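In the two complexes below, chain A is the common chain; its partner is chain B in one and chain C in the other.
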Partner chain A sequence: MKMKLTRENIIRWAPALVLLGLVVLFAAINPAFLSQRNLARIALASTPPMMVALGVTFIIVMGSIDLSMEGAVSLCAVLFCLMFLKLGGSLGAGAWLAIPAILLCGAFFGWLTGMVHVRLQIPSFMASLAMGFVGTGAAVLVTGGDIVRIDDDVFRALLTWRILGFPLMVHIAALLVLLAWFIQNHTTLGRNFYAVGGGEELAHASGVNVHRVRLAGFALAGVFYAVAAIFQVARLGQAESVTGANLMFVAITSVVVGGVALWGGIGGVLNAVVGVLIVNVIGNGMVVIGLPNYLQDGLLGVLVIVAVVLSTDRRLVSFAK
Partner chain B sequence: MTMQRFKPHLPWITLLVLTAVVGVVDPNFLRPANLLSLAGDIVPLFIMALGLTFAIYIGGIDLSVQSMANMITVIASIYLASLGAWVAVLCIAAGFGLGMLSGFLTTRLFVPSFISTLAVGGVCFSVAQWLSGNRALNMDAEQRNATFGWMIGHTGIIPNELFLGAALLAICLFIERRTILGRVLKAVGAGEPAAKASGINVGRYKMLAFAISGALAAMAGLLFSVKLSGGAPTIANGFLLPAIVAVLIGGTPLTGGVGGVLNTLIGTLIVAVIRASMLYLGIEATQQQMLFGLVLIAAIALTIDRSKLRTVK
Partner chain C sequence: MSTFIKDYIDREVITRRKLLLAGAAGMATLAVPAVFGRGQARAALTDPAIAWSYRDRASAYWNAVVSGGEAFVESIGRSKSDMVNLISEGSSEKSLSDIKAFLSKTGGNCAIACDPNDSPNARPIVEAVQAAGGYISTIWNKTDDLHPWDFGDNYVSHMTWSDEQPSEQTARILFEAMGGKGGVVHLGGIAANNPAVERLAGLQNALKDFPDIELLDAQPADWDTTKAAELMSSFLTRYGDRITGVHCAADNIAYGVIEALRAEGITDMPIVAYDGNPEAVKLVMDGQLLATVFTNPYWGGGISAALAYHAAIGTFKPSEEPHEHREFYGPTVLITQKDAAEFKAQYLDATPEYDWTDFWGPSNGQIQYR
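Take a look at the complex of A and B:
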């Protein structure tokens, strides 16, 4: 098939080209950027945001948005730590139960966000923003503002045990990317996300239970936020009410920069992966070439605007709220 | 009386009931001095919510207000020494300009306002970190008192912040009720396609609404930094939630078109009374954010005009 230089093709390949360009640029300025140690550092830093981005991708594909991840991750992280300590404080001693438990908690929190959005008929950006505040508030409430630490060597192996030079959690994250890709492409639920995102009324008319799909989407996202919380705890060895801070901005930016359209129906898991890598390559690259990394947020802000503008079909949109 | 006619009166009734409840529990709460100092403390939040009202009034949102205020506290702390009172002009111009930028992105480039303002907020956060070198900054106390001391003193028993808040409220009320801008914003909030069809340059007025929001967020940041005599890139974190709550609980729904700045005054007072009541009723401060989150959900659910949303995304 001959590739034509149409708008669709440019949009499809732009994120990958941007990622490639950035890697070449940083490597040219400082070859140490491509050293194995630095690549492992990028992969490690990408892992928690990657999980959050995967979760929110499903929701953006449906044409909704989820801004609750900071609260969800913080709450899951502190609950996970507290449960882990209560169950013996060591993976071998029964504390492994905390992992499935926290995945359920994440699913429940996501489902609750979905309920606020679907049942109370509140636009998702506001429903999820409010639920995010509730989540952070609940995390403050259960910890009383304190930090909860975990020093279990078995659990921290997620960070310390390296296979092929990369920490264990990076490998697990890669498997979860595959799982998310499978859900998206090979399950009814995954196809229904696209049906709802492509046109809600059409999906409804063809017999899709739109409300149930939305609820399932938010619950699924919640599970991925819970995984992000576990990785965050493994990386830092502790949890507090600000464990999820800044994940919202990073995750939304990643997904959008990766080429998932805010209007729904376009893009998917692989775009999110590219997006997260772009964001983290920028963050890491700036430090490697000697720029202060606090310029990152500003640059991301500019990038996300460019990405949204590029992906907007101006013939179809008459105004934005 | 039907629910539809009852709805507009709900905010001030809520305020009165809440005040009465707290007053019964602890009569000290109702002492004028206490009420005045309570009102004085909430003025920075009120100014921010006042600006946010304009963004929500047209059916948009401004998520950059908190980052904006953060950035302004840094700018004010740094440039007070060299610019003197002119630093206020710099701050407000920066807020106005960045708000205008959000408006431009939303109206001309069709980026939804929650994303465009989130992005502009990211830019503000970067600027704040860059200017401050990621440290907390202090103002020279003497110079602060000489330049902006009038903002935070007392006249009799009345905190001066209240005069500032009242003046800004009067200006906003004038804009809303007595100018073309105000009428157009109402038209846009009530139904944007219709406003456009009747020949109004909708984009220009919407940009102005976001610019006002930015300028007032900057004003809030300036007052906050003067009160604290310093600034830092995250010092105003925790403003966004109560500001949104104040606007929505006051009766300006997320869908826009109704409500207005007077509603935000009532909404802010409700926030102040809720905060104070937690203290009087012995509820711990750690529960505050969770409570406000739930109040927010309730306020949106009660005020939102569902007939304007064909599909809820």
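Take a look at the complex of A and C:
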């Protein structure tokens, strides 16, 4: 099938073209940018925000927003470390149980956010922001402000064991991207996200249980936040009440830059993946080409605006809010 | 949706009105004791109430400060709960209004230790305390033109920490471990933060004596472990093997650096840090860090409360003390691989017993302004 150079096709591929353009730009200034080791560094830095972005993509596709990720990741990371240490402190000695346990915790936390949103009829923006604060507060409460460290070499193999030059957790993240893509395209739940995002009343009239879809969406996002927490611990060897800090900005920016529309129904998992890579390529590239640090924040902002302009079809929107 | 917004606005308008009324009432109650209190030369107070005003207790640093304050309160035979916690949550306005409320509640019969949260906030706080006849010691934040000796006895003391000298010492330890040559990168705090500026300045001072060491790059990592890990790996791409040493502005940054290097299989890079957190001390003992610096927040918290309290009950008269007893630097303890185990035993495994009437023993000289 020959692909036509239509407006739709350009917009669909725009995020990927932006990513390609950035890579070419940075590589032209400093060829070391394209070295395999640097690509591995970018991939590694992208791994935790990638998981958060996948989770929040489902919510944004539904036309809602989830801002609870920082609290959710911090709480999951702290609980994961504490459970891991309680269960023997080594993956071989039964501490692996902490992994399924924390995934359940994440699902529960997300479900709770969904309940606050759906049952108490609070807009998802406010409900999730508040739940994020609850998560951070709970993380402070269980740690008392201290750092919890994990020194298990087997668990840290996620970071230190390399296959084809990339750390193990990058490969696992790639598998999880496939899983998210499968959920989005080949399950009823995934299709229902789009139905709700495209038009809630229409979806309701067609027999979709909108409340249940929303709850499932938030719980699913929670599971991905828990995975992000595990990766974050694997990468840093520690958890504290600020482990999730900055993830909100990175994840939301990435998703939007990747071409997922904040008004719902448009874009998906693959957009989020490209978006996370764009944001991390910018972050890494600015240091690698030696841009003075006082210009970096400003340039990041400009590049984000350019990326959004290029990668979303704003002709469909009557007004921006 | 529109009714939600309308309800919300209605509710906010009401709470704003309530707030203004409450504020007006608060000012009135504050004015009353001030009218009667001014001009009364109160020599000393009996049994003053004690308060600590600080950001919040979530961080290890402030937790240590407040624990020190509580230890002092217990040392004078009161219970922990007799120390009132005024938590500013990082808001200067809340810090000031809480202190004013505490002053009017106690009628000025009080001793306060306080971090004013930002420099300009110190003046209104100190003026309010003086007007009410209370006593106050501050730490960290005040403007350079505000001095305790301009306020008679009521503004007892100000303590801060100079990070330039200790940061220079850690840099020298780092450079010697690098064999006096090679390339160093600095990962700093939030660029405009005073400690971040001083800790970088310390590194630059040390560089002058080591002409064969090149500062490859210095960028802010915002006191953040994750950001530090990402910045360090980007540095590795840009400078590669030219990096032979890493100077970190904080322990939290060093944790990220160590992990970024671990991901690359680099385990023998010389690294120095700052803050003396328990985890960092352990890393020094394990040989993963060369040095860190401890500022003894526990002592700082206890002695600030002690200074305000003892001035209030008349143990000493602040206006008769020399300037270096009213504005001084807090202690800094350099922790290296030689003394880390000893430090841990002394400060971390056991809480040292301090003599809370030895006000200036561990302090570090009069504050110098540039």
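Convention: the second predicted complex is superposed on the first by the 281 of 321 C-alpha atoms of A that agree within 3 Å, B and C clash if a C-alpha of one lies under 4 Å from a C-alpha of the other, contacts with A are read in each partner's own complex, and residues count from 1 in each chain.
Quick note on the criterion: a contact is a pair of C-beta atoms (placed from the backbone, for glycine too) under 8 Å apart; a residue touches a chain by one contact, two chains touch by 3 or more.
Because the structure is predicted, anything quoted here is derived from the model rather than measured.
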item	value
Partner chain in contact with A:212 - chain B first, chain C second, else both or neither	neither
Touched partner set for A:249, first chain B, second chain C, both or neither	first
First, second, both or neither for A:294, with chain B first and chain C second	both
Which of chain B and chain C A:160 touches, first, second, both or neither	second
Partner chain in contact with A:7 - chain B first, chain C second, else both or neither	neither
Partner chain in contact with A:35 - chain B first, chain C second, else both or neither	second
First (chain B), second (chain C), both or neither touched by A:232	second
Of chain C and chain B, partner touching more chain A residues	B
First (chain B), second (chain C), both or neither touched by A:145	both
Shared chain A surface residues [contacts with chain B and with chain C]	123, 140, 144-145, 294
Chain C residues touching chain A - in the complex, by the definition given at the top	4, 57-60, 62-63, 191, 217, 219-220, 224-227, 229-231, 233-238, 240, 255-256, 259, 262-265, 277, 279
Chain A-facing residues of chain B, complex	59-61, 105-107, 109-116, 118-123, 125-127, 129-130, 134, 192-193, 196, 202, 241, 244, 254, 286-294, 296-297, 300-301, 304, 306, 309, 311-313
Residues of chain A touching chain C in the complex	30, 32-33, 35, 37-38, 41, 44-45, 123, 140, 144-147, 149, 156, 159-160, 167, 232, 235-238, 241-243, 245-246, 283-284, 287-288, 290, 293-294
Complex contacts: residues of chain A adjacent to chain B	63-65, 67, 116-118, 120-127, 129-138, 140-141, 144-145, 200-201, 249, 252-253, 256, 262, 264, 292, 294-302, 304-305, 308-309, 312, 314, 317-321
